[in-house]
Amino acid sequence: MSESLFSCRELTKQYGGLTAVRNVGIEIRKGELVGLIGPNGAGKTTCFNLITGADEPSAGRIRFCGSDVTNTRDFRMARLGVARTFQNIRLWREMNVLDNVRAVCRGSSQYGLLAAFLRLPRFRRGEREATNEARSLLKLLGLDGKEAELAGDLPYGDQRRLEIARALALRPRLLLLDEPAAGMNPSEKSDLMRTIQAIRAEFDLTILLIDHDMKFVMGICERIYVLDHGEEIAQGSPEEIRRNPKVIEAYLGEQA
Amino acid sequence: MTQYLLNGLGLGAIYAFIALGYTMVYGIIRLINFAHGEFFMFGAYLGYFVLRDSGIDRLDLPQPLPIVLQYLAAVTAASLGAATLAVVTERVAYRPVRRAGRIAALITAVCVSLILQNLAVKAWEAKTRSYPDPRLWIAVADLGDRAPANLWIVRPFRTTGGDEIEREELVLSEGDPVDDAARARIRGTPDARVFKKITPSTEVAQGFVLLALVLWAPVLWFLVKRTRTGTAMRAVSEDMDAARLMGIPIDRIVSRTFFLGAFVAGVGGVGYCIAYGQVSPYTGFLPGMKAFIAAVIGGIGSIPGAIVGGILLGVAESIIPHLFRSELGWRDAFAWKDAIAFAFLFAFLLFRPTGLLGRATRVKV
Amino acid sequence: MSGELLWWLNLLVGVGIFTLLATSLNLINGHAGMFHLGHHGFWALGAYATAWWTIRLDGELSGPVLYGTSLLLSTGVAAVGGLAVGLPCLRLRGDYLAIATLAFGEVVRILIQNSDKGFLGGSQGVRLPRVFGEFEGEAAKLEFRALSLALVATLCVLAIWAISNFIRSGHGRRLLAVAQDETAAGLMGIDPTRPRVLAFVIGAAVAGLAGGVHAHFEGSLAPQEFEFMQTVKMFLIVVLGGMGSLSGCVVGAFLVVGTERLLARAGGAIADWWQVIFPMVLAIMIVVRPQGIFGRRELSDWFRALRRRRAAP
């Protein structure tokens, strides 16, 4: 029985008069692949922001690996082992592909200023470690030929994969993927599904993902949470969700 | 103490007028117009030339009308001049850069400021010029038996270079008897009149600026809140794209903002020069920076903020050194008065960058 | 003839000093993306720290020791200045940072100007004793300048090498990441404050070093020379060369300082208009070709590209 890696309860976020997220409760056990879906504006990305510490919750509690992290903010959350990709792709566009990943790799921070200035052995060791790790991640994500290209010059699909590689460089325990399949064609999507399964196995990851493509989400997630207008309306396995009347109404309502 | 307070209010009014220009431009296109100081410096020079060469003071009208008219002309020339320069600069230098990003726009503003400063040096030399004292003309017939003050006449004079200039000559010292010889000399001049020099005191000049501010504030309020242009300005400063989509002619509104901002700054600038009696190509720099700090204190982008910030800074600059000197016995306190503005700036930037009346902005992920 | 040589050596030393200044400015503005307009303040801090130290300890320490320690002091004082400016300015962005740093530069100048004459010379300036003895005669002057040039050139090479290593290290990558997308950097585990403060401190330190060298070379200082215009000049160098390119700074320094001095020497109408022309050039460059000559690339990249183009017709 795997323990809960991550849980949040009564998670709420208000922006002035607007309540983006209300009383959301999510629990994820170690090793699971969980999906978070809902019509546009349901509050999914807001949840991600709250979970990663980019934003502060107005109410509710968040627990990660047994400790309360409700008030832990961005870079500390990341160092605890929570990494994410972004809906709008936030790569460092003027840096090349290798550096985007290396900037996050642990090896890069193993040496001090003096070592950097003078290229001391500690610097060389740290750099070698970071470069090796970055290269293996890039290879895993199919980007190994493109090391020297600028991140901003990559085609869209490659940029999404680079974001995943970069997030993996953090050696996270929980990986949050925000619309990883957006803008991809069906064959790219099935490649992505395979890649996500592969990295989950390889790194023993727990994954929470958001996406609009029902087929993609149903095809890969073991459990799914559904949000609508900031509230949780359903939770369960893909089959349960597919048949849930509230979910159908939420999506149909959007189409009407 | 009260005197310092009044002084401060007057100085504050000057800063307020100048700060308005910074705040309005920032509010509408998010640009710190470094060249703003140079706009009112230009206006101040125009004012100088009006006071020196226009001859309005010579008009044969009952005193003190000619002097009043001359000052009005100077202030009008200054404001219009500053405003025109502002509109031209916006068209030539700022509009093309609007799309190039904030850093590019800011660097352009800095460059424009330097270019204007150095053009002024080329045109009018780097030296400081004294603002001419107004002349109160008196007809010979109105003179009593004794000269009420130092009296002067003006004679045409041909320099060695061949230029025709006017030279002032002291014809009677204060208290001298007005005899026939003197009268004859006076009648011999082209004007056939004498004048006495009036030096406007700093306090009086500042008092007038304060009065102007009090009169202008409601006018400004009306312009911004009740006219179409004013409403358009506010719309553009809230959301330029939405305003454009609503059909507001952005370029024209920006132009008008620059015009208005520089117009009021021209009043403040020429008031500053009259109060302190001098102008130089670098006059725009320090008062400009202080007025900018005033705008930041009040909340950059907020018009009432600029006025509040200006007054606050002026009063602080007047009273604080006085307090340091009288209460704490620091004799050189006034030499450091420029530091007060900077101290305020750092304090506000650290603890309340949006200023007293400004609004905070959010960043979205 | 030697007068000519003297002039050229003067020029090259000036280019060297401004290379140091531009490179350090580039670190803060180009690489770290922070809009810093007060670099002349750091330069002034270094120069005056050196002057103070040299005057105070003239005669008590031997020439080279005095020189060396004065440079260490100038670097250190400026670095502290960088810390003092960087830390509070962390929460300021864009325009606000620009004003704050500009104000800093001006405040340094005003403080020096109003200082006690005995302390830093006040508005009249201060003279430094020549650390290696007074120079009499042409030959000695030449020797002094040649030595200074050798020193400045060495310092430039070292500084550029060190900064280049910094940029290409983990520290540099984190700095660039924070500059290009601070939010993403934070979410990837990078503390945004450390790299920024570091950039300020290192940039300030190098500027301080340049100040120390400048003080010894010129032999006298006046607060009026540490004005905002100098930072604008440094900006022109950086923008011409390309924000984010180190080789660009060297090329830019040659162009700007070289042109300025050549024009001043040539005299005549154009020289007079230099103060108007160069801001114009900067404004035009920033709009028409903001990436300057090299953009973010280095001379080495350009050579590589050239070789590649020649190899594949």
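A, B and C are the chain letters, set down in written order, and residue numbers restart from 1 in every chain.
In the analysis below, a residue touches a chain if its C-beta (ideal position, glycine included) is under 8 Å from a C-beta of that chain, and two chains touch if they have at least 3 such contacts.
Predicted model only: the values in this text are computed from it and were never measured.
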Closest chain to the centre of mass proxy, which here is the mean CA position: C
Longest centre-to-centre distance from chain B, chain (CA-based): A
For chain A paired with chain C, centre-to-centre distance based on mean C-alpha positions, whole Å: 43
Mean-CA-position distance for chain B and chain A (Å): 57
Centroid spacing, where centroids are CA-atom means, of chain B and chain C in whole angstrom: 36
Junction residues of chain A, two or more chains touched: 54
Residues of chain B whose C-beta touches two or more other chains: 365
Touching two or more other chains - residues of chain C: 183
Complex interface listing, chain C residues touching chain A: 162, 165-166, 169-174, 176-177, 180-181, 183-192, 198, 244, 296
Footprint of chain B on chain C - complex, ascending: 35, 37, 88, 91-92, 94-96, 98-100, 103, 106-107, 110-111, 114, 183, 229, 232, 235, 239, 272-273, 275-276, 279-280, 282-283, 286-287, 290
Of chain B, residues touching chain C in the complex: 26, 30, 32, 93, 96-97, 100, 102-104, 106-108, 110-112, 114-115, 118-119, 121-122, 289, 292-293, 296, 335-336, 338-339, 342, 345-346, 349-350, 353, 363, 365
Residues on chain A engaged by chain C in the complex (per definition of touch): 52-54, 73-75, 77-79, 83-84, 86, 90-95, 99, 102-104, 107-111, 113, 116-119, 123, 126-127, 130, 166-167, 169-170
